[in-house]
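The letters A, B, C and D name the chains in turn, as written, and every chain counts its residues from 1.
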Amino acid sequence: MAIRTLVWGENVHEQKNKVVADIYPEGMHTQIAKLLSKDSNIVARTATLQEPEHGCSVEALANTDVLVWWGHAAHGQVADDIVERVAERVWQGMGLIVLHSGHFSKIFKRVMGSPCALHWREAGERERLWVVNPGHPIARGLPAYFELENEEMYGEPFSVPEPLETVFVSWFQGGEVFRSGLTYRRGAGNVFYFRPGHETYPTYHDDRVGLVLRNAVNWAYNPESHPELLDAPNTPVDEAIEKIEERGPKLHHGREEGFR
Amino acid sequence: MAIRTLVWGENVHEQKNKVVADIYPEGMHTQIAKLLSKDSNIVARTATLQEPEHGCSVEALANTDVLVWWGHAAHGQVADDIVERVAERVWQGMGLIVLHSGHFSKIFKRVMGSPCALHWREAGERERLWVVNPGHPIARGLPAYFELENEEMYGEPFSVPEPLETVFVSWFQGGEVFRSGLTYRRGAGNVFYFRPGHETYPTYHDDRVGLVLRNAVNWAYNPESHPELLDAPNTPVDEAIEKIEERGPKLHHGREEGFR
Amino acid sequence: MAIRTLVWGENVHEQKNKVVADIYPEGMHTQIAKLLSKDSNIVARTATLQEPEHGCSVEALANTDVLVWWGHAAHGQVADDIVERVAERVWQGMGLIVLHSGHFSKIFKRVMGSPCALHWREAGERERLWVVNPGHPIARGLPAYFELENEEMYGEPFSVPEPLETVFVSWFQGGEVFRSGLTYRRGAGNVFYFRPGHETYPTYHDDRVGLVLRNAVNWAYNPESHPELLDAPNTPVDEAIEKIEERGPKLHHGREEGFR
Amino acid sequence: MAIRTLVWGENVHEQKNKVVADIYPEGMHTQIAKLLSKDSNIVARTATLQEPEHGCSVEALANTDVLVWWGHAAHGQVADDIVERVAERVWQGMGLIVLHSGHFSKIFKRVMGSPCALHWREAGERERLWVVNPGHPIARGLPAYFELENEEMYGEPFSVPEPLETVFVSWFQGGEVFRSGLTYRRGAGNVFYFRPGHETYPTYHDDRVGLVLRNAVNWAYNPESHPELLDAPNTPVDEAIEKIEERGPKLHHGREEGFR
């Protein structure tokens, strides 16, 4: 069964900046969706900031298995309630792939619980991504390393939580390194951060980048939904699995709900 | 040098519920601070919800190395800007120890980025905490396991991120298990969640619990501060460590700041 | 494409102990293979201690994607060179699923690098496995918990490395807990330890156990092989990716091999 | 109380190679011990391959809190039983710090359970170590990065298990990256791998390297010993914590020992 993938693009610089528009005439989101569609297992749709509810209606998210997120200039314009809605879907099992400047998106910071800051430089320098974890599904089919001749530099420290696994580490011409591919799970949702993708360079026309993204969508896909991970039910004493007797003083009574 | 520890207590049930007031006549926070003060390396102060800024003024936090947090009924009354202030201090290096029902506190959910939900039952049943990681500093001096004859049950799944390390796992009389001691790092701040501590039982009069808390404060202490982990500086091309030349098109100019 | 799975059974108690022979008349390995074969994506063969090279010839391993290992009384009879051969295949990408008393098998201790010890009791007591990580592929399709009415008890501390993820935690009637499902990666090989499976109980006739094993085989499967992870090649200076000049004194000359 | 630290040096190239002897006239182990002794909390002794039992007698190890290991040309000459003895002390709680070419030492491979391979080049090129985890105790007091003007290159993939935490990542002039500081726990023993230290360069005369090593010794120190982590005791039914009755068939009788 196909993996229903939603590629979210901020779609701002494509409309305002000639350089970006020339590289991505149909928008970055459309080009990323094209990269994903080369995998017959993936059905990719797009959504943008400008759509009602940023294209992230309850229904749209309910029909999304994996969400891919690219944003940069307009993080602050994404409505907080939509961010919370997306986070809840992630916790229930929707995959989330955050790209490049999305490190500062509200949704990434929301599920990381940390600043997600880094050093940066926009100089079109060479980036070389090394596969440090060749057995990881996201690295499947890749060579030992691959290069992007022109990219923005991101430098450590990247203030994110220690990942489940580090998949890629980048070398930059100007002397920096960066952990470029990091995996997490939040609730039942798989989360992957992938570094490259500055809008003034043709990164999403690179097929090694495409392969990483296709691998990541397949890895992040969870066919199950776990809404129960958001609940905190009271298990009544008389329904305890092992028979016990109630003892001692109490705050709550019977089947009362807890405090939140 | 002493570890400046701030014990934050919600201080609600101690004022309203006779059972709780009888066990903790000076408040839970005061009793927790007493447990900590048995370590000559720790200087423990207290703060409560009812104080101005909940006792978490900028100055108070600047003078805190480790913050211990107990809350339950009044999570919703903690002001959002104070939560954000606490989170920023954690990221800079302040330790954070979250107790029991604090799993649903705003600050814990903020730094976990996940629902932090669980199953529960208030039946005064037996809890047995097993040390699964005897080499961890937080388990120092403890026996293989210890029991709390009356505790509230918390059951899995506990929807938190996979921890750096699992230190304790609890067995409950009614048939459940729970990962009771979990470590994390967020930015430069060490975070420890410790399960026991329901307000209607004398858990914070137990000295094994006290030992865990003293160990945890020592483990969480970071003498350094890292405010830079919240910044995302632009490293200008002419200051690159390895000499590079600017290439290709640009969005940003010179020493401009990035988007947030 | 089918996942070529080899179920290795020690096949000792099945031949000597009437209780075990009655439960597993064709051997435990055969019954485990039957559980796996319910998944049309898995092709399961068996191998036993008594076969030449314990059924783990170079050719047999070369044709194995995932190896499932059950042993108990005869760990010491497994030849060291076969253990090393299996470890090398794991590092190259073969999955390894270690069952129950296999915690003390040479191959598990070899890839863990730790004692892998635990407490135990053979009393036919109740075990309840809780899913602590419902989003993990190995937990797919399972209820919140499942019970095995009669099992051997294993108690913490289980002296294994902190896993990538903890999937199951067991509750035992006699008061212990155990981390029952743990994931690791060694080289390019995925490793899963699963606790239940004492030979005097019908554990491998339980279909929840079967589901866990089928999920685990699918999770552990890596279609790629990475023999390069065992090599330590000298990258000659004149083949450096970025042009550099040799400087300073040297131990090695030209394309010499390193020390091992 | 002082941390009793044993610096183990292979002491081979210092005796045979003039370049190495000139940099380390008293041996690398002596120079490393000097770096450590700048911390008044550390008492550093040395041991070498050539001593009886390689200086790792039962008594010597019993009096060691943290072992620092440097070896290169003579890994194969370290006796297997000594390696096993060291591993057992690590599991009981002795810290282990493995340096540079020690990645291929028997003891490191023993406790990692993986190939520990990498790419390398001896060209005296520049290495820049970035602190990716500034809150980690091992990074305390360090700048954002530091450089070693002449070092051997080690390149990814480094086939070790995913660490508890990654502390340093190196940039190399020739285009490679390497995870240069990695933490593990094996049994009750803390393990740290630190990359720099090729014998033909004056790396152990660098005080940032010294600071890392001193921090690492303090971090690795565990005042407790946990020999029980190597045992697998039978807990008799009549001593179960929660009263249970024996049920079903058995393999073992009474207080019999288990199979190993």
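Keep in mind that, in the parts below, a contact is a pair of C-beta atoms (placed from the backbone, for glycine too) under 8 Å apart; a residue touches a chain by one contact, two chains touch by 3 or more.
Computed from a prediction, not measured in an experiment: that's the story for all the values here.
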{"item": "Remotest chain, chain A as reference, centres from CA atoms", "value": "D"}
{"item": "Result of counting contacting C-beta pairs for A-B and B-C, higher pair", "value": "A-B"}
{"item": "Approximate Å spacing (C-alpha centroids) for the pair chain A, chain C", "value": "31"}
{"item": "Where chain B and chain C are represented by their mean Cα positions, the distance between them in whole Å", "value": "36"}
{"item": "Centre-of-Cα separation between chain B and chain A, whole angstrom", "value": "26"}
{"item": "Touching two or more other chains - residues of chain D", "value": "128, 133-134, 144, 155, 157, 162, 164-165, 175-176, 185, 187, 229, 241"}
{"item": "Arrangement of touching chains [line / ring / star / complete / other]", "value": "complete"}
{"item": "Residues on chain A engaged by chain D in the complex (per definition of touch)", "value": "128, 130-134, 144, 155-158, 162, 164-166, 169-172, 175-177, 179"}
{"item": "In the complex, chain A residues that touch chain C", "value": "93, 128, 133-137, 140-141, 144-145, 164-165, 185, 187-190, 222-224, 226, 228-229, 241"}
{"item": "Complex contacts: residues of chain A adjacent to chain B", "value": "13, 17, 19-20, 72-76, 87, 91, 101, 104, 110-115, 117-125, 150, 153, 155, 157, 159, 161-162, 164, 173-176, 184-187, 198-201, 229-237, 240-242, 244-252, 258-260"}
